[in-house]
Amino acid sequence: MDVREKVKGILETIPNEFPRRSYVVELESAELTSMCPFTEIPDFYRVKIVYVPDEKLVELKSLKLYLQAFRNLRVIHETLLNIIFEDLKDLLSPKYLMVELKVNIRGGIETVVRREEGERPD
Amino acid sequence: MDVREKVKGILETIPNEFPRRSYVVELESAELTSMCPFTEIPDFYRVKIVYVPDEKLVELKSLKLYLQAFRNLRVIHETLLNIIFEDLKDLLSPKYLMVELKVNIRGGIETVVRREEGERPD
Amino acid sequence: MDVREKVKGILETIPNEFPRRSYVVELESAELTSMCPFTEIPDFYRVKIVYVPDEKLVELKSLKLYLQAFRNLRVIHETLLNIIFEDLKDLLSPKYLMVELKVNIRGGIETVVRREEGERPD
Amino acid sequence: MDVREKVKGILETIPNEFPRRSYVVELESAELTSMCPFTEIPDFYRVKIVYVPDEKLVELKSLKLYLQAFRNLRVIHETLLNIIFEDLKDLLSPKYLMVELKVNIRGGIETVVRREEGERPD
Amino acid sequence: MDVREKVKGILETIPNEFPRRSYVVELESAELTSMCPFTEIPDFYRVKIVYVPDEKLVELKSLKLYLQAFRNLRVIHETLLNIIFEDLKDLLSPKYLMVELKVNIRGGIETVVRREEGERPD
Amino acid sequence: MDVREKVKGILETIPNEFPRRSYVVELESAELTSMCPFTEIPDFYRVKIVYVPDEKLVELKSLKLYLQAFRNLRVIHETLLNIIFEDLKDLLSPKYLMVELKVNIRGGIETVVRREEGERPD
Amino acid sequence: MDVREKVKGILETIPNEFPRRSYVVELESAELTSMCPFTEIPDFYRVKIVYVPDEKLVELKSLKLYLQAFRNLRVIHETLLNIIFEDLKDLLSPKYLMVELKVNIRGGIETVVRREEGERPD
Amino acid sequence: MDVREKVKGILETIPNEFPRRSYVVELESAELTSMCPFTEIPDFYRVKIVYVPDEKLVELKSLKLYLQAFRNLRVIHETLLNIIFEDLKDLLSPKYLMVELKVNIRGGIETVVRREEGERPD
Amino acid sequence: MDVREKVKGILETIPNEFPRRSYVVELESAELTSMCPFTEIPDFYRVKIVYVPDEKLVELKSLKLYLQAFRNLRVIHETLLNIIFEDLKDLLSPKYLMVELKVNIRGGIETVVRREEGERPD
Amino acid sequence: MDVREKVKGILETIPNEFPRRSYVVELESAELTSMCPFTEIPDFYRVKIVYVPDEKLVELKSLKLYLQAFRNLRVIHETLLNIIFEDLKDLLSPKYLMVELKVNIRGGIETVVRREEGERPD
């Protein structure tokens, strides 16, 4: 999908000065929102990203712009989780990656979706 | 039991677009209530469902309607836990499933019942 | 409405042994639920009742049964607030009365409705 | 401004069945977002609305759609506060009205803006 | 009632060294329990006592023993509140007195009863 | 000890309809109190019971009465813990059992005692 | 003091579009730090600013830079409070102004200093 | 009492540079301890001091040493409250003064004593 | 050191009636204070002790007096931790022992020191 | 880098009196701030240090001065984490070391970076 490639292209990296040492980066934001493809109603998320960097770190300003780029896209929770996961995996080739989306309550139900890969550092 | 089959039939699925990747879905609701079979007094629950999907995801609106369908049924805590667990297991054949019911305090006692199957993702 | 009269009739009182002294009774419950008249979807409430008794106190077990009696009635928030308020006012003729309903979040909006009469004791 | 009239037009009312009794309605949502006119970066708000109704109540579904309509409009905090305040005042002619916007932290600063009119019911 | 006189007799005072200065004493305990006269089931209370002393202070160890003395007495909430209030009022003749009992949840209802006399110091 | 046998006899069971499935039951109460054998001063406990049932479940009303039966018995913390643990173990023959007593602060010291047997389900 | 004039000069305003309506602006930041003039040790503050605007609003980015400008200045708590208060008062001529500094704990003592002028809007 | 004069003499002041402006200073510490005169057991306090300065501010390091000086003195709660209150009143002649001692729980009872003089600034 | 032997001698035991069963005792107190050997300023600690008893239990009143005995001793954090740990180990020969000291914030730094031996029961 | 060597030189040690026993030291401070090298805007951190000492302990006052020395240095999050980690590792040769920096929210994103080495004591 063209739009998806364009969004992915927003992400930038900075080199990891300490690639041979294992350390963890945790990023969390309450400012991710997209559109439900069925109802065209906005969905609001709290997103958490945890990774162990290899050669590259994600540049934070580009991450902010990347998260904003989903604002008017139509996408369900599980798909959004996997898109963000795979974009970051492709970008960073991290030793470990976890992405979690916590969805605002809908119909009395709170939803959290979460995916991880690699050995958890904790 | 006919009523139970009818309630179970409310649940619907959507296909999991990422079946080969292991990720977790957590669902929580404070809007589950049923009737105590002995006293005919309503019981109030907080229900938590955690699963690792295989081919199918539970559709959220149908889950909401499914939980509402217990409103006037007479059922004890442990049975309700096992009904929800087995309905979701039959529906989703998930790689992992956990269901927990937290009962409102009665006679000064707080009760939680919980069942899980498969390897916990955390 | 006949049903409403019947529900109101559930409430019972016990005499206030200390009618000439001003004191406060606060009652709170998370176990009030009724049906939305438009969507036929259940509404869940946290109800708070505060009053300064005159000659009568509300009997607690009858209050519990009274709150349960709304379980399958169709009524909007504002109407439910005013019904409970007026039933208690008629029953107790209290020196002060406040009733508050806190509705479970719907469509991303949390709602609280509250009515009071008489001089607040705090 | 045409857009503003259109957004205002989304709001609907339902009649207040208890207009001669003074009671309070509180509404709160974490799902209000608009665009900063200078930076074109999204702003996220928690909005709180408190009013004492006269003849009319705001219909909740229309309020949800009204709040969603600001999603892609460019507007600063103080203006957004006053727009929502005046739209609701025109719509409801309430005996009391308060609107508060709590802005997500920016540049290390948390901002709250709040306006009220009429005699506070508490 | 003889038992009640005996319980009241447990309370002791110490002289207030600073009687002409207005200051506040707040006492709170989660260790008050008595028997319900109807069901013979124990009731558990959190008790709060606030007073502005005149000539006398309540001695704390005697207060602890006084609260323990209700352990096997049969008494309803409102009566217990008024007994403690009047025993302390008789004992201390304070410039201000407030007694509050917070009852453990019963039948899904939390109850608080509170009585005060004199000008509140806050 | 005769009294102890009598107390133990209060407990009743209900059959576990799902004995071949492993699930957890957690019970918690803030309404357990007994007498210190040395000082004759009451002790207040928060008790937590967690078990994985085999053939039997503890009936909740009988558990409430069982906990109330310690009200005027003289027993130290560690003994009370072990009595409750062994009574439940004898009653239920559970696959896993944990009992924890949290004692109200005494002499500036908070005490918790806890015993478990079998493989923890978490 | 020249430095102080320079710091004050960082602040900028934007016009208040709604000057005839009374509303409140609250600003809070955990990112204010200066140097203790006696020990040359850094002090850390949480600053809260509340005002009712007249003709002008403080521009937020300039406020951030203004707060940063104290980073290497030597100033005691009370003086810093009064400097910020008077700079904002001169800048905005607000209908109401409150400034509060909460100092990080030092020598086991937590300090808060607060100044306000005008009629509090709450 | 000589010891008391000596302890009082530890306190020092710094001049208030802004005596004509009304502002508030709040000081709080969890590090105040003294000896109970009856049991010779240590008492632990959380102390809160709020004042509106006139010509003088209390110097914080001297306040820390002053609070430490009670460490081995034998004094009951109410007396300690009034000593600290009067020492600060004599030292500062403030426009408003409040001193509050929150005592660690003893015999299941939490105690707070509080004294204030002058018009409260809030 | 003589003083240290004397302090250690305050501790007393009571026999463990259930020595063949593995259970846990947790003790926590916010009332431990000693003197810093360098600055002669008091240090305040929150102490937590967890152990699995073998033949003996620590008697709680003697533990309270033991903790009070450090009040005027000069000792650094790490030494105090190890003294308490070894005194309890010598006294109880427990199957597991953990001692943790949480020091009140100093110079903006919060310190926790913790030592354990044996297999942790959790 | 000369500056970096100078900062590192601030750290001092005290001998560990209990080197053969394994225990944990945790240190936490909200008073670490440095300058962003790109924007020259200050960054604020909460730093947590956990280590198992071998022969040496870090002296706390020198640690406070060491953390203050970063105040006007330009350094990104990941580099600051690794500098502190390696300075402490060189200084203490601990059996285990963990350093975590929690960065104040920026652009709606909260960041935590964390590095550890050796076997975690918990």
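Going by the order they are written in, the chains are A, B, C, D, E, F, G, H, I and J; count residues from 1 in each one.
Rule of thumb we're sticking to: a contact is a pair of C-beta atoms (placed from the backbone, for glycine too) under 8 Å apart; a residue touches a chain by one contact, two chains touch by 3 or more.
In this text the structure is predicted, and so the values were computed from the model without any measurement.
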Candidate from G-J, A-C or F-I with the same interface as B-F, over half of contact pairs in common: F-I
Rotational angle, Cα trace of chain B fitted to chain J, multiple of 5°: 145
Rounded Å distance, chain A centre to chain G centre (Cα mean): 37
Distance between the centres, which are taken as Cα means, of chain H and chain C, whole angstrom: 46
Between chain B and chain A, distance of the C-alpha-averaged centres to the nearest whole Å: 28
Whole-Å gap separating chain D and chain J, where each centre is the average of the chain's CA atoms: 46
Chain B: positions in contact with at least two other chains: 30-31, 44, 104, 106, 108
Chain pairs in mutual contact under the definition given at the outset: A-B, A-C, A-D, A-J, B-C, B-E, B-F, C-D, C-E, D-G, D-J, E-F, E-H, F-H, F-I, G-H, G-I, G-J, H-I, I-J
Chain D-facing residues of chain C, complex: 78-79, 81-82, 85, 106-116
Parts of chain C lying in touch with chain A, wherever the complex brings them together: 44, 104-105, 108
Residue ranges of chain J touching chain G (in the complex, touch as defined): 30-31, 33, 41-42, 44, 68, 71-72, 104
In the complex, chain D residues that touch chain C: 16-18, 21-31, 53, 57, 60-61, 63-64, 121
